[in-house]
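Look for chain A in each of the two complexes below; its partner is chain B in the first and chain C in the second.
And now, the complex of A and B:
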């Protein structure tokens, strides 16, 4: 109990962690992804995806309301026994390890292809993992501080992108729904991957200073995510013609090629480097949650050892093998499914089980 | 009395004063550790304690009023001669009417002491001791008068509109200087003594209805844990009690200005005054505290805001500019506009060494010149400017060893670091600059970004006595932004900074309405 009180985070930090985790590489990828499946109507799928995610996140918060003193794992241990907790902890540890690995490899690939072409990937990985380790070893409080700083330090991004709007052609957004609602709905599952990360709330909940605001906070966080995705998607949709979309990879970065500041020639290079801070929120919290889950399984508290093991494994393995672009996409697809099960389905199932068990207990008491 | 006993006491007292091997075990006072009341014996023991101490003055006398034998003992240089001659010796030797020797002495502070250990330390602190034959305790008179300088303008933290009194080397005077600003009975002082040989007085000054008591407990606890022989300077104390001694950043603010100290106290912070040191410590502070200056509050708020922003800009320049130059020249030349690149190339073309070496060479020269400027005596100091300006600046460019642009970068960096108001923070920035340069030389702009992220990761994990060092930026405390990057009008600063967790948050009652003055 004390452990959570000493490390409490503010509502803003809570929002920053969740929004940061979701936005990070989605921001660069989502316009392409949406356009590929739903054309210029992709933004509608995004809004639907947001609605679904909001519902799922509220389920997660509802689940946590039943047990204010601990994380999801503590809750499971209380109602389902220590081993139920351990089983879920193992699943979650795997999930977060893969999640952070995916994020790390994705960002390293972006950096390698745009900035450091010559440097071996394991060195780049090593470098970006130094600050990650420094933040993640220091518990939730520092992750919150780091995330909110990164979020505030990135407020310039919309302004930079608004420079591209002078090339905008708003007619590209029309016609709305040329092929009916079919493609829009079929795209919704693809947006799920970019909303993954709100599940952090089940770990962050006990650290929250004002728990009664958790529901509001998570809605704000998801709305922020939606707004930034909507912003970048629409900017890309009105900038690139529907035919161009197929040929351009990572349109968000491509867009910046048209921006030229008097003191800065190549804005997109600078953008990727400075965006690293947002990228890092994708893996820093999940690295921590990984080590938390592992520690919880073994009843330890110091997050450093599992962190070192995981980070060491990632760096060493990257010396021998790094997934290429297509493998990464396959990994994303797979992670999207895994994430759907963990983040959307699991809380629902647990909530159902929990209310059943509560009802059962009261019945037993009454009888 | 026998010599054996005398030696025994002497050794025991000597042990308590210094012996680290015996860890305070010598403090077991028995009756034999007190003075005997026999003047001859006591004087003999006194002299045995202070062997080879030619400045110890023992003045035997006979008190005229009572006719008893007595002796006044004091250390020559540490006491005020006037006070001893006129206020102690004169009444004792001349007054007839009084029957008691204490009433005739006209010194403000008078204590009675019995234990040798107390007497010994009182003598060493500048008191004079009067042993009276047959009296069971000695009279200790406050006659301190050691050499000290007058109160002067602060040397390091100069200010345009602030007060012209700086702290001096005497603790009581320093506290008096603070009290002049805050004549309030809630201004409390906790005194502690540290240092086995120096026995340094350390006072923590605070407002007890404003400051956070948990922080006070932490400060007192950390000072109390110190077990060291001597504390010479407040900088040493700060290193002994700060949170993260491995960090390049100062976590305790040192100031030599009483007005700064007072304004920090009123914000809910603690000021730690160390005897014999002309600068006091302020804790807990945050990163932003190092960018505030006392002048900010006496200039117009719009000007002050501009200067604040200028300082944060200067901080970025001082840390990142040389690194950015290296990155742009040797790695990411696509980042800067072509025409600028051509201009740089024109001057860089003839330079035979790599940008990194060029930058390191010039930065090291700058650092050496700066250090020389601090250490050199003033008359010789001017030569540094001449050598630096003409020989290094001009000749090195003409010889084609360093490019013009590099000299501009270094000069810009130097000026940027000069406008940061706190010397310790500048020192940290100077050090960080080199790490950023190495990062830039190895990985270009990416290396700088990694350096920046490490810096942020470090700053957010720092704490200063239980309060976050990165506040109000991370954790974000919007309420405190009124006095960090900007300085809003004083009448709008109704609350104290939240980051110090003050017990009383409100500072003033609004006396101006929103539209007034428009």
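And now, the complex of A and C:
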């Protein structure tokens, strides 16, 4: 019980963890993804995706409101028995392990292709994972503080993109809906992947200092995510001609390549290096949730052992095998489906089951 | 003590790490600043480069090399054999293509692929067309002892600040090459007495050279592209009715400021029509005839300026349509406001543009007479 009170996090830290996990590499990829499927109307799909995600996240918060003394796993153990909790814990451990692996490989691929082309991936990965381990082995409060710092330290990013606006041609955004609503709606599922991460709230809920603000906090977090995605998408849409859009991967980095500052060359290199902090929120909290789930299954408390095992496996395996770009895209697609089931469907199902079981219990009592 | 002992094994492990593989010391690097591509009469592709020499006691300040290679990346390897340090193109400032290359090799833009594909290469380099064989350019030593890249950048920057030539970076060229509703235009440079900007070279959609614009036409093009941030100067002879002595000089010069361009599009029976309205404030710079710029006279003078500027715009637009190129990007307006009609013609927008109606309306207001009457 004390565990949660001693490690309580503020509302801002809660927001920082969730927004950071979502924004991370979506910021670099999402303009391309949106444009590929919906052209310059992709931003509308983004807004719809945000609406859907807000609904799903409020379901998750609603679920946790019923049980304030523990995480989702404790809640399951209470209502469904220890083994129900263990089953879900295993699924979540897998989910977060893959989530952090995906983020790690993506970031190292970006560094490899843009900055350190000749350095082997396993070295980059090793260097990234040392600080990741140092943060993730601690309790939630440290992770919250780290995320808060990383988010605040990245507030300069929108300003650097304002340099690219002198190339902007706002006519590229017109016409709106040339092909009707069809492409806009069919793009919404593609945005799901970039909103994954709000599920962290079911782990963070018991740590929140002000639980009554959880609903508001998650809506703020999602809105921040939406705003940053909207910002980068629209900046890219007015910068790149719709006809050249499909030829450029990672448009956010491409845009920065056109920025010339008198005192700094290769602005995009600096950006990637600084942006690593935001990237890292994609895997540091997930690494923690992974070790939490594993520990919960086995009834242990020290998060270090599972972390060491996972990190060791990732580094050693990267020496022999690293997914290439296309495999990474396939992994993303797959993770997107997995994430949809875990983050969007699972809370809904659990909430339904929970209210059913509660009703059943009260009926039994009344009888 | 225990903390130190705990730290020891990981620290020992760190010793095994090799460190960053991408390290490149300055003295080991030889940086190409001007890359050039040319095709010679035998049809073979040649690459040129110019590398600055930093050694103090060297007589020359830069060194040029020429190799034969069809791929820019392969050419880099060949340059590497010559240079003292590791040759790399990460600091390329200017990319020069010869006029012969873009006249004969239509798909020359494919050679630029390496700049976009390799994430570390710059895309802010200026693209320049050189009218003449590149060997001439690379053998040339600027008279004021600056090195070639500085001289090239200098002429491009000074002319583009007076809106006398388009200034196209690699990234802008990429946009113009891919955009269906626009054709590319790049700076054209020649060697006559000294290095000088000739104007802008207009390319067709596939990159083939089509026509050239002189500095005056380039300025008008930049106005229509809404790209000129500074002032544009005009000089012309006013009609005889406006001067008291018809045999004397009739020259007048003004600089245009606060230039506002409005472009409206319409489609009539499958044909596009564009209404271009240009408004500008003129400040007189030079007047070689006596005239009292008051009430009636001022209006007449403004009408004369308007008429002159309008004619110049019409000449430019006729030239563009004759050559079936649209460096202004009117196709972007067409797509934005008439998507369906544009989609039908987008693969041959140049043709569609050549058949389009373009009306120019100009409004010049004289706002400043200068310091003397």
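The definition used in the following text is that the second predicted complex is superposed on the first by the 367 of 367 C-alpha atoms of A that agree within 3 Å, B and C clash if a C-alpha of one lies under 4 Å from a C-alpha of the other, contacts with A are read in each partner's own complex, and residues count from 1 in each chain.
In this section, a residue touches a chain if its C-beta (ideal position, glycine included) is under 8 Å from a C-beta of that chain, and two chains touch if they have at least 3 such contacts.
Just so it is clear, the model here is predicted, and its values are computed rather than measured.
After overlaying the two complexes on the shared chain, residue contacts for A:146 are found with chain B alone; chain C is out of touch. Once the two complexes are overlaid on the shared chain, A:175 sits against chain C while remaining clear of chain B. By the touch criterion defined above, A:120 reaches chain C but does not reach chain B.
Using the contact criterion defined above for the overlaid structures, shared-chain residue A:264 touches chain B, although it does not reach chain C. Once the two complexes are overlaid on the shared chain, A:167 sits against chain C while remaining clear of chain B.
When both complexes are overlaid on chain A, the residue A:243 reaches chain C alone and has no touch with chain B.
In the overlay built on the shared chain, the residue A:273 is in contact with chain B alone; chain C does not reach it. The contact surfaces that chain B and chain C form on chain A in the two complexes overlap at residues 115-116, 119, 265-266, 269. Chain A makes touch with chain B in their complex at residues 10, 12-13, 111, 115-116, 119, 124, 127-128, 130-131, 134-135, 138, 142, 144-146, 148-150, 152, 262-266, 269-270, 273-274, 276-277, 280. In the complex of the two chains, the chain A residues touching chain C come out as 113-120, 123, 126, 167, 169, 171-172, 174-175, 178, 240-241, 243-244, 247-248, 253-254, 257-258, 260, 265-266, 269.
In the complex of the two chains, the chain B residues touching chain A come out as 332, 334-338, 340, 443-450, 452-454, 456-458, 460-461, 468, 470, 473-476. Interface residues of chain C, counted against chain A in their complex, comprise 17-18, 20-22, 90-91, 116, 119-120, 122-124, 169, 171-172, 174-175, 177-180, 182, 329, 332-333, 335-337, 339-340.
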